[in-house]
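In what comes next, chain A is part of two complexes: it sits with chain B in the first one and with chain C in the second one.
Now for the complex of A and B:
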């Protein structure tokens, strides 16, 4: 084959070579990504990191010679074993996709066809690419599913995607990607929706398959810890450019670009209680990017020269480490290691603002979800509830606020028992307990302005005059670090982080005593998550709030909570002070959960420059 | 959390029966109740309301003696409940009474018309669904092309036209003024069936097709665009599947369920639309029969035709839901 010949001529077996890839908005010269170059060798994993909107998915799809509607290839080459995918005809690409380069989508729940059984969806990729007779399709389906640790029973193959769990769906997608033994696999945030345990299994599967078949992989993620565990090389993307590229240990241990350093500071660690530092502002969108360095408006180390011309992508030291920053070679003054949170004594007095849950059991229809939960949230205390998806943590939160009313037991707030459903609670108790939803993209009414959204609970719960209400809305906006310019904007004009701040302001404007936060950062980038977590911590301290913080992210718990409750299958497995539970877990379940978290520090240890 | 619960409850699925079985049983129950209510309303409107049936039949100049005689003949002197019971009993045993206009049994009068209309509706529905789905799929594939644009504007314009305007325009175009290639009226000699003279069916069917296609087209186009821009179709393309397979196996099955609902609604509409179209073309179906019966004040015929139309509505609604459910595995099969 042609590809094989090209392979033999090459001294280094570079499987994928991307050169100056440029993708533009169709019909314009506005670039979405530009000057993207990197090389991946057989058996190697390259991590592509960046915030949402950085262009990482656009690059990922370009590796399959694909771009979404409204975009067009503006130049560059994507060489897979010597042949350029961007120069191929539609028929040629059809033969390459799935067979030589395959794709694992971010959300298999929507990437698997809901109308077709998974067996058919797996079989058709073999049918499209394999020579008949090489090996019977049914046998191969069984084989590839077994590699992804799924049991290919006839019953399983007949199932539709909605009948599988999120982890199973992702395994099917991975089996599909490896089915034809491709040379390159592109994985687009494949573990984002999964809990840590499933994530670890999926990562192990990917790692072993890449190793055993010499497949090159490009792993796209915003999760630096995951990249650190899997990748040999990391490319950091910002506003459509690769700003830093190098071996994983170098990128994590001795990052040279201020953006990379900022990203690393935003990652919470399960080992230390760190002050998280987010990155204020937003990455500039295509068409609105500044003349100089794109990161200059948000950069802590910006110089006048940065705003004048775009910095070149230059190699540092050995040449394997490339950085797009004029100050890359200067000694760094800011540490990449985050500061630890000063220890504070958790208040233990049982005064006002106390939530006490005793013997709470809840059901969904006939199915029990929670069993005999006991927990307490003291005043000014933050209690984190952690558990895998399906552990019942959101149901618990919904019982406390009264959104779920099918429960028995006692929920006392400030010594008074709360009714099951919100409808049967007093206005006062409703006001004193406020709830912040997981997804700020769906929890804000798209037809109301920010001002109206925040004013609504105030209007309902208070007797203030409209002028006084407006004053309070503005003050609340300022408290969540948004200016009064936001009053007249609509939710779709805001970024994810801004939306979540508005949702926080809406909850806080009525001055609650208990704030229930349900996975409030899971839909956000790490850099934004850090900002929201720090904001919550400041507000909790300033307003003496009690807080119930629901999360699946154990690392985050360390940064925000004083007490942690570990939930599994509707039961409390372990609870106690955060340090004790995270450092000296007693239950095997907690130990396993802690082991499954990808840890940044493990990757970082090799880089001595910052120590 | 929800996932676990749903799976847990899914174990008890056997006891509660198959989703389709459950749907059919519950809808049939609702349908029977609907039909009973319809029959009461129809009966009340035609036979019980002041200015009774005998008066309606004989008109202003009726003498009291003739009125009384007819009232006796129709059983109008009995209680309303008794009259209703007698009528419903007759309907269910196939004895719907005799026509007031010519004394023939109502069933013998309505049955051939029912067959003719059924042929008209079935052929129009079939042609309309095929054309609408095909045009919608092509427009979706060539979204924002000239073809898509022209078709969207034309379909919008046609939607605004009442069916008698469409019918008369077709007559002017193909039967009278411009070309004289097709018959302007579709009068069938007594004792012959619609399919024995296919040329008579062309213009009525064309009218009904033109009226229903825009709705089916627009729904299919929207559903197909949604399917084509979905992640699963993107995934199918990234798997290197041939274009026909992406289209027919991946996109189409997901565009069908919402379109089936609209096709069902349009078949229902056709059942009402034939009244006007049959009248314009003088086509001997139940629509024309209904118009004639109303002008003759032939109450037993009106009652029977309205009940038949109502039954068709109920049946089509159930059928539409079942087909849409069959085409949607996510709803059909519990977790």
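Now for the complex of A and C:
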């Protein structure tokens, strides 16, 4: 199946065969996931890609014979070396889990028992699946940890999970998963939340372990670039169906399903400044899916026939590449546009809205977080602050807006110094600097309507009449591409992207001069992220906004900012124009950061192998 | 706070129904549970007797119509009391004031406690220390004894009893609401309004309070039960309405010496108080269960009273 890889020379037997897996909402015929079929060979990694709500985690859990409460298996088979996991009794499953199939969860911090040392937890899993006669020796624990590139010193084994870093925790979880030499391992976004460098090491570990022990792996992720580097095969899921299945290099190099193509176009690249294309609309929820192709309502290449009946799988590459699209065999000439845009020059016009940060040091209690930061955001300029988690980038943003008040130094806005906390700032300066929060699921009051949420700052900062305020709220909604229908809705009736647009509207309605965006797309799917970034870019241009864009995603920087500031451990490592820093980085930290980003382009050229 | 790069799944659609008049929805679903139906029926029965009773009483509650402690007879189905008044008429007329006082005390206690708890949690710092230490001091007093002390100094004024009973509830309510508020006040939507320089008072009233409706509803039900017991108990002890007035608590005290002659004078008011408290308690329990069971609301309710005394700053 895999072309160009060394072990393709000796074809492996199919280890995991999933046939027509169907998971339904318990007691109904509403399917969450249906018609899911794929095969994974020993030593092979299958990437299961999809956006939130696509059913990828549901499929992953079904591979362990498990489903969430409220769901039920509606049919199909999950064959592991010939035996059907879905037909097993609870006792049989207990014997299989951990020993033959194992699972690495997304958040190792909550999967490890916080009250037990890691050595003990590893010993437990080894003990649970061993013959009573075999002694549970410490050597085995050491060996297992060494495989996950952890040094099993006595001191390490005595540590509790909270004393380990996120990367170490995830390695312990991986070591536990591999401990009993399972035949199948299911990884559910195990590197989400890890820094790019740690992520790369963890991915390397997973890859080499699968290779050496002939383990079949299913790797669930929303991150296409990660999948591209790790998997030999990719299954793209949309609304509970696999829409495209094939070798990694084909999926990324010559995607045949319009959804896959759209997803790939939405991924920002650190190498080029590109227009990001999002996918408008939302995936239909279970029970509200259309009769024809589920992607038809959002598909740019839709035909009338697409809306009539579900499309069949079209086999390409002699059956190695399956596409659920009636137009799969047509050559791709559609929807190709020039995506590269010249990075806009910082405007030279002199207006208000200059932020100057000098010698800023901040601390959390006694712990210093930021050291002597200097940076400048000119009028109508977008400055990106990039850094890994813990670098202090969010603290920097919070100092600027006044949410964090334990700092020293100077923060001047339009030539006037800003007080530390928001409470001590003037109404005018509060209005001119607006902040957009990372998580749109917590930043909107769930008990208020969209109209009330956007009106609230307007009521506070302006003296407009209620009628004028409502006019402005509606105008603002339209500017963030939402209609006035949204006025009476509550946040939990909105999707993540819609929520973030409401949050943007709330910030922009008072006509600020500086917009501080703190990881505003990190809680969103890549297709939605692209829409929000494009929206921000347009609004910044139209409104002559200065913008401070905080992100951990270097690739995004290229698409939105003119200047970039790289932050590490509370210090500015490098700053300069985006092209210069991203193309000719001077500092080793920046170079390493750039190297460690998984990139789509590498997938295509390297055929899914590591550099 | 989300980990960078984690797409957060939207809440499942089922939860979307709970929103606007969330407390109404919680109440209506509580009524539909068996526990809730039983509780509400018991409450409704007693409340109906107390409210309608004064208008349908066959005799005046203070009129001497029969011999003291006489048994049930045609004109007086529940017999006579210690002074020969009609027990039935006194039962019918003697409930509304207890209910009114209990409700007023609950309203006052929950209101004052919520204000104290929310302010302490939101303002933090010295306000928190001052409020919560005062709460500790109040809690250190046996509240009923404190109420008795006040009443014996100032006299059995009804408003004083209402205030004293309400005041005895406030500390517990304050602790529960404080811990709920601690969680909510750290949410981003509160920070977003803080960034505008909106006054803390308005933030507490407009942003935080609506999110506390569920714990407040549960707390109010629980406190109502206690209020009824305490108000009736104080009446029994003579700290309530003065004697000629009909009052369930007072009736039990007046008639207990004639228990063997005419038990109805004690049993009926005692049973009504018992049924009422069991009813309110069962119903508030149903509300709490429904509220806890709805997932998202679970985090807003902290059933452990005062487990966070000093939150790390």
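One rule holds for everything that comes next: the second predicted complex is superposed on the first by the 562 of 611 C-alpha atoms of A that agree within 3 Å, B and C clash if a C-alpha of one lies under 4 Å from a C-alpha of the other, contacts with A are read in each partner's own complex, and residues count from 1 in each chain.
The definition used in the following text is that a residue touches a chain if its C-beta (ideal position, glycine included) is under 8 Å from a C-beta of that chain, and two chains touch if they have at least 3 such contacts.
Since the structure is predicted, the reported quantities are computational estimates derived from the model, not experimental observations.
Using the contact criterion defined above for the overlaid structures, shared-chain residue A:534 touches neither chain B nor chain C, since it reaches no partner. In the overlay built on the shared chain, the residue A:99 is in contact with chain B alone; chain C does not reach it.
In the superposition on chain A, A:389 makes contact with both chain B and chain C.
In the superposed model, A:430 lies in contact with chain C only, and not with chain B. Of the two partner chains placed by superposition, only chain C is touched by A:519; chain B is not.
Within the superposed three-chain model, A:401 lies in touch with chain C and out of touch with chain B [touch as defined at top]. In the superposition on chain A, contact of A:422 is made with chain C only, not with chain B. Residues 107, 389 of chain A lie at the contact with chain B in one complex and at the contact with chain C in the other. Across the complex, chain C is touched by residues 51-53, 106-107, 189, 192-193, 222-223, 285, 389, 401-403, 422-423, 425, 427, 430-431, 434-435, 437-439, 441-448, 456-457, 460-461, 490, 492-493, 495-496, 503, 506, 519, 522-525, 552-553 of chain A. Looking at the complex, you find that chain C touches chain A at residues 1-11, 13, 15-16, 19-20, 22, 187-189, 191-198, 207, 210-211. By the touch criterion given at the top, residues 1-5, 8-9, 12, 229-232, 234-243, 245, 249-250, 253-254, 327-330, 333, 335 of chain B touch chain A in their complex. Partner chain B is touched in their complex by these residues of chain A: 61, 64, 66, 68-69, 93-99, 102-103, 105, 107, 110-117, 124-125, 128-129, 160, 162-163, 165-166, 176, 364-367, 369, 389-395.
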